[in-house]
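Presented sequentially are two complexes of chain A, the first with chain B as partner and the second with chain C.
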Partner chain A sequence: MRVFPERPATRPAEGPAAWPGGPGDGDRKSFRRALAARLSRLGSKAAAAALTVFCIVSVNFALIRFMPGDPVTHIVGEDEYLMLEASSPETIEAIRAEYGLDGSLPAQFAAYLARTARLDFGSSYRTKGPVLDTALRRMKFTLLLAVPSTALAAVIGGALGLLAGWRKGGLADMTASPVMGLLQTVPANCLAIAFLLLFSFRLGAFPLGGITEGGLTGAEKALDILWHMALPAAVLTLLKCSSDYMLMKSVVASLRDEEYVLTAMSRGYSEWRILTGHVLKNALCPFITSLCMQFGYILSGSMLVEVVFSWPGMGMLVHESVAGKDFPMLQTCFLFMGACVVACNLLADALVLAIDPRVREGGIG
Partner chain B sequence: MLRAEDVSVSFAGGARVLDEVTLGLAAGRKTCVIGETGSGKSMLLLTILGLLGPGAAVSGRILMDGLDLLRLSPRELRKARKERLSYIPQGSGNGLNPLYTAGSQLTELIRFHREVPQGEAVSLAGSLLAQAGLDDPFRVMASYPFQLSGGMRQRVLAAMGLSGEAPILLVDEPTKGLDRARIDLMAALFRGIEGKSMLCVTHDLRFARQVADSVAVLYSSELIEEGSCGEFYSGPLHPYSRAMLAALPENGLKAEAGFAPPRSGKVAAGGCAFASRCREAVPRCLRGRPPLIAAGNRRVRCWKHAPEP
Partner chain C sequence: MTGKLGLRPRIGAAILLALLLAAVFAPLVSPLDPYEFGIPYLEPSAAHLLGTNDVGQDILSELVYGARVSLIIGVTAAFAVTAAGAAVGLTSGYWGGKADVALMGLTNVFMSLPALPLTVVLVAYLGPGLRNVILAICLTAWTGTARVVRSRVLQLKELPFVKIEKTLGAGPLYVMFRHLLPNIGELVFVRGVLAVASAMLAEAGLSFLGLGTAGAKSWGSILHYAFFRGGLVNGCYWWYLPPMICISLSVTGFLLLSYVGERRGPAAPAAGAAKGRRADA
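Let's turn to the complex of A and B:
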């Protein structure tokens, strides 16, 4: 296959640098250098994330202190407060001390930070029990709902969007686009109520709400929970699916005109090979970023769905805590949700770092 | 080898990008298609490759070994692209996938064409890159496209275009974004290609002269002149070609007065596309569109060369 006058390739003595699949793959020095570059980029992202969490904690602290009214009013109730104020002000001071509401603001802040660092978020105003236990339990239920929904929606929406964006006006585009468009415009609670009416009231195929009937163990319990989560998970999946679909479709449609895609087509590669080998990886960066950000929001955003299906998750807890003016609980919920958004963003950064060499080595982003 | 016959391309919305272009490429010959930006040069390559989007209406025939490329099934078209045609996109654009190393893209292509183990594909890739004039091929192979300069990317793309057995090379603006010295290197690279036909689109007249056996000039989506390289550069027939060559530095940079790019696409409907800018235009040029007129071994689309009626 000599097309040019002969000119031998001289392979450098040290061999090619770290090049996946190449003969010099794993060349120690450059591998370490690449790893160090990755870690330092990730480290700076992590530092920014930690700073963000600190800001969330600070705002949380400030929020309750700068709201009108004495927080003790909410703990003991207005009547009780007025009565105590007259009869035994020292009780009010004791309550104030118990909830860390006494002393100067800086002292309160320092104490608050120390307690937060120990994961001691205090007791609920409502149940008087420790906040952390309740919040963690509810978080678990929300994750049980959110993780499978997000994953399923990403796979279905992503795959359909990939096909629809690649072949505009094709079968996937013509059938999925109207459905997804409709889903985009339907509010979460409407869809949830419609599902509840149809599948639970009319057809009686699924329970009206809750997470389990209780009194079950082992596999029976797991199946019962699956049965209970089917409807809320379906609603969340459908709603998430539509936005994933729209995003993937527009990303792929724009990638389709990229010169490297045209060039790959000119080489006679099959469409499947181009789609999975060349287009998908390029589409993944924006897709993953959006997915991770949305996952952070789904933790808080699934509130409407949780309330409709009486799913005892984080959203439900926020709903109850707002109604009951349970500030420590709300603070903890906000902190958890904020931390989740930050953590998911960090995850997105890490994934994009792994996928895109321009971010990894070129210093973009 | 490859022959386009009366190829017209227009897009929904009425924009006509190629107008009855007839052009042949002989075996082992190098043809440069010259034209200003927007003249339809790159569209010609995309049309041959069947890469125009579904919004394009294409008519005419593109014949290659008895096959009409415009009437192939997707499967046949893929086969033709794999075995007969090789496209070299602009190095200044992103003809290389930004997420893969140059080496992995080149070896993917090599292994697409022949069943060789990865290690052998890597050494083949190295020698191809070295032949394309890259001094440190294995360093280049380990690099991502964004880490390479425009000239290096162009060489990688050239090596990729030459990695298969395809007898026809379609090259798009290989000199874009390069300085004169690198254009000369690129010209030497393409000049040195043996045993393949090449259709190269460029707006660099000096590069075309260095590389081409024959030259075709596109103006406003029409082919207006075609002939051998030597004849074209020593005595261009079309007033547009003459004006272009006169404006070259070695010919004294004689820019013709009033020779500005057209304000809008086509000025005279029904007349010669160049009439509004032509200093030698006569009333006939505005009335009727000249056909491609044979003048010796050359063809030109100008009434001046028509036999007297």
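Let's turn to the complex of A and C:
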């Protein structure tokens, strides 16, 4: 699901506090106090993250149990359930016990929490294999696709956004804005299909999908994987790039009128120095926050792209699990994706605490 | 929102009006019954302006009827989401204290839930269908609006007119509905318009994965069949291109419309905030 960018949540503070490298550096006592403040803030953020994970686990627990009908139906599928009910009711009871669906609800919940804490997610009903192994393997493939795309998009989108926000109506703004604006309106699957059509079907330059031809080893295999991931990665990069660009541009445009920029200008600093030393430094915090939050979503955001290119990642796994009614697998995927979003948000908080002197001093927040 | 509209919102409104008319008068506009079977894989011709799909249904008619489902889902979900988000944001921002902590905690939890997978999981459990798709989209989409509205209310709360009202003994509900709500009206409208766009994208994604409205035609489901039933391999451009264009065009329409009141800073959505100001000047 695409979320259109908002104004950054952490808006730059007004007034003298925004001066980079302002007062407060120096003596040990204040340093220690600042460190303690930072740690306690991080601690409360971590507690909130733990609570969120707990909520996700609870949602997972509740989903299968509070849906209409016998929960076992959701595990084995409706047709098979009816068949089993007629032929061997004891099998149903066995499945119920295996997936922890017997006993009172609180007892079930306790057992479920204990199993989740041990990372014991049971076995997939479809493939009979352990859910955890499959999910971890698929997650690896998604990360292989997502990490380079996110990094590349952040650099390209961020740099272009910086220039476009700084010079409204300048070259970067006039050329990049229409393209990025157009990208905002194209659904991920449509862009993916367009790329697939153009580069794979028409030009035959790239494979139709999958991750590798198989039977290759070493450097050849690595090259083959790179060749396979070129198109999906390009689509993801373009889409991410457009939202990074929009965000950076609006942040920089709002910073441009700050007094410290004017001051720096009147001191005769070069434009490059003001851009990198003052504007970028202040724009980085909201940008990093949004980047990390987005990265959490990329596990799910790449879902449509993965399906189009049959890339065997997390999104494809969810798609297969839905089609195969593999609910234990689906639940685990959901938990992993949720945990990833939470972890990335926490990472964003930690990074901002580490790099922003204003937050470090406990000034704003 | 009154007064002269810029060029952008006007174009957006025109696109949306055309779509709306097509959707409302679908039986009159569409040349054929979209559910009627015929000769498959026909290329565009006078009889079938956009050709036919794998079971011989007229694609132009499918698109016209698809506009109905896509718009209904988009607008309904956006309405619910925006109303809920605005209510949470208003209450949280104005009341403050424990209510604020509780509501923002809830918002943060829902914000951390991965939206598309949750939607997919929910629809997988609940079964496809108009109501379930809307429900699943709504569940996670209200959080952004709640946050934006809250921060705007926090600013407004400190302004003299609210403080005076409070001093005069006005109750919180009165201040919220009589004074704060009109002031965030434009912001809520813009958020609502953006919510339609993102709900339509979500629906298109769900339908593309085969989890949309079972039976009813939507743009996403046309694309689903075109992709999974060989429209791509057979080069039926008249099958897969039109739904893609329709989705993008309507999203563009809503995004353009969201520039409606872009004169001052805080009410503006970040997407092209700087551009909007220039267009209105």
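One rule holds for everything that comes next: the second predicted complex is superposed on the first by the 319 of 365 C-alpha atoms of A that agree within 3 Å, B and C clash if a C-alpha of one lies under 4 Å from a C-alpha of the other, contacts with A are read in each partner's own complex, and residues count from 1 in each chain.
Keep this in mind: a residue touches a chain if its C-beta (ideal position, glycine included) is under 8 Å from a C-beta of that chain, and two chains touch if they have at least 3 such contacts.
Just so we're clear, the structure is a prediction, and the values are computed from it rather than from any experiment.
Peer 1: Tell me which partner A:T91 touches in the superposition: chain B (first), chain C (second), both or neither.
Peer 2: neither
Peer 1: Between chain B and chain C, whom does A:E259 touch in the aligned arrangement: first, second, both, or neither?
Peer 2: The answer is first: A:E259 touches chain B but not chain C.
Peer 1: Looking at A:N282 after the superposition, I want to know if it touches chain B, chain C, both of them or none. Which is it: first, second, both, neither?
Peer 2: So A:N282 only meets chain B here.
Peer 1: In the overlay, answer first, second, both or neither for which of chain B and chain C A:Q108 touches.
Peer 2: A:Q108 contacts neither chain B nor chain C.
Peer 1: Under the stated touch criterion, which partner chain does A:D356 make contact with: chain B (first), chain C (second), both, or neither?
Peer 2: It touches chain B, and chain C stays clear.
Peer 1: Would you check which partner chain A:G268 touches, where first means chain B only, second means chain C only, and both and neither mean what they say?
Peer 2: So A:G268 only meets chain B here.
Peer 1: Once the structures are superposed on A, label A:I193 by its partner contacts, choosing first (chain B), second (chain C), both or neither.
Peer 2: second
Peer 1: For A:S310, select first, second, both or neither according to whether it touches chain B, chain C, the two together, or no partner.
Peer 2: Touch status of A:S310: no partner.
Peer 1: On the A-aligned overlay, A:K249 touches which partner chain: chain B = first, chain C = second, or both, or neither?
Peer 2: So A:K249 only meets chain C here.
Peer 1: Which of the two, chain B or chain C, is in touch with more residues of chain A?
Peer 2: When the residues of chain A touched by each partner are counted, C comes out ahead.
Peer 1: Can you pull the chain A residues that chain B and chain C both touch?
Peer 2: Comparing the two interfaces on chain A, one with chain B and one with chain C, the shared residues are 1-9, 168-169.
Peer 1: Could you pull out which chain C residues touch chain A in their complex?
Peer 2: 105, 108-109, 112-122, 124-126, 137, 140-141, 144, 147-148, 151, 194, 197-198, 201-202, 204-205, 208-211, 223, 227, 232-233, 235, 240, 244, 247-248, 251-252, 255, 265-266, 268-275, 278
Peer 1: Flag every residue of chain B that touches chain A in the complex, lowest number first.
Peer 2: Residues in contact with chain A: 46, 49, 51, 53-54, 78-83, 85-87, 89-90, 93-99, 101, 103-104, 107-109, 112, 118-119, 122-124, 126-127, 129-132, 136-139, 141-142, 144, 146-147, 157, 162-163, 165, 170, 189, 192-196.
Peer 1: For a test of understanding, state which residues of chain A touch chain B in their complex under the given definition.
Peer 2: My answer: residues 1-12, 15-24, 168-169, 257-260, 262-270, 277-278, 281-282, 355-358, 361-362.
Peer 1: Name, in rising order, each residue of chain A that touches chain C in their complex.
Peer 2: Those in contact with chain C are residues 1-9, 48-49, 51-52, 55-56, 59, 63-64, 67, 74, 165, 168-169, 177, 181, 184-190, 193-194, 196-197, 201, 246-247, 249-250, 253-254, 296-297, 299-301, 303-304, 307-308, 318-319, 322-323, 325, 327, 330-331, 333-334, 337-338, 340-342, 345.
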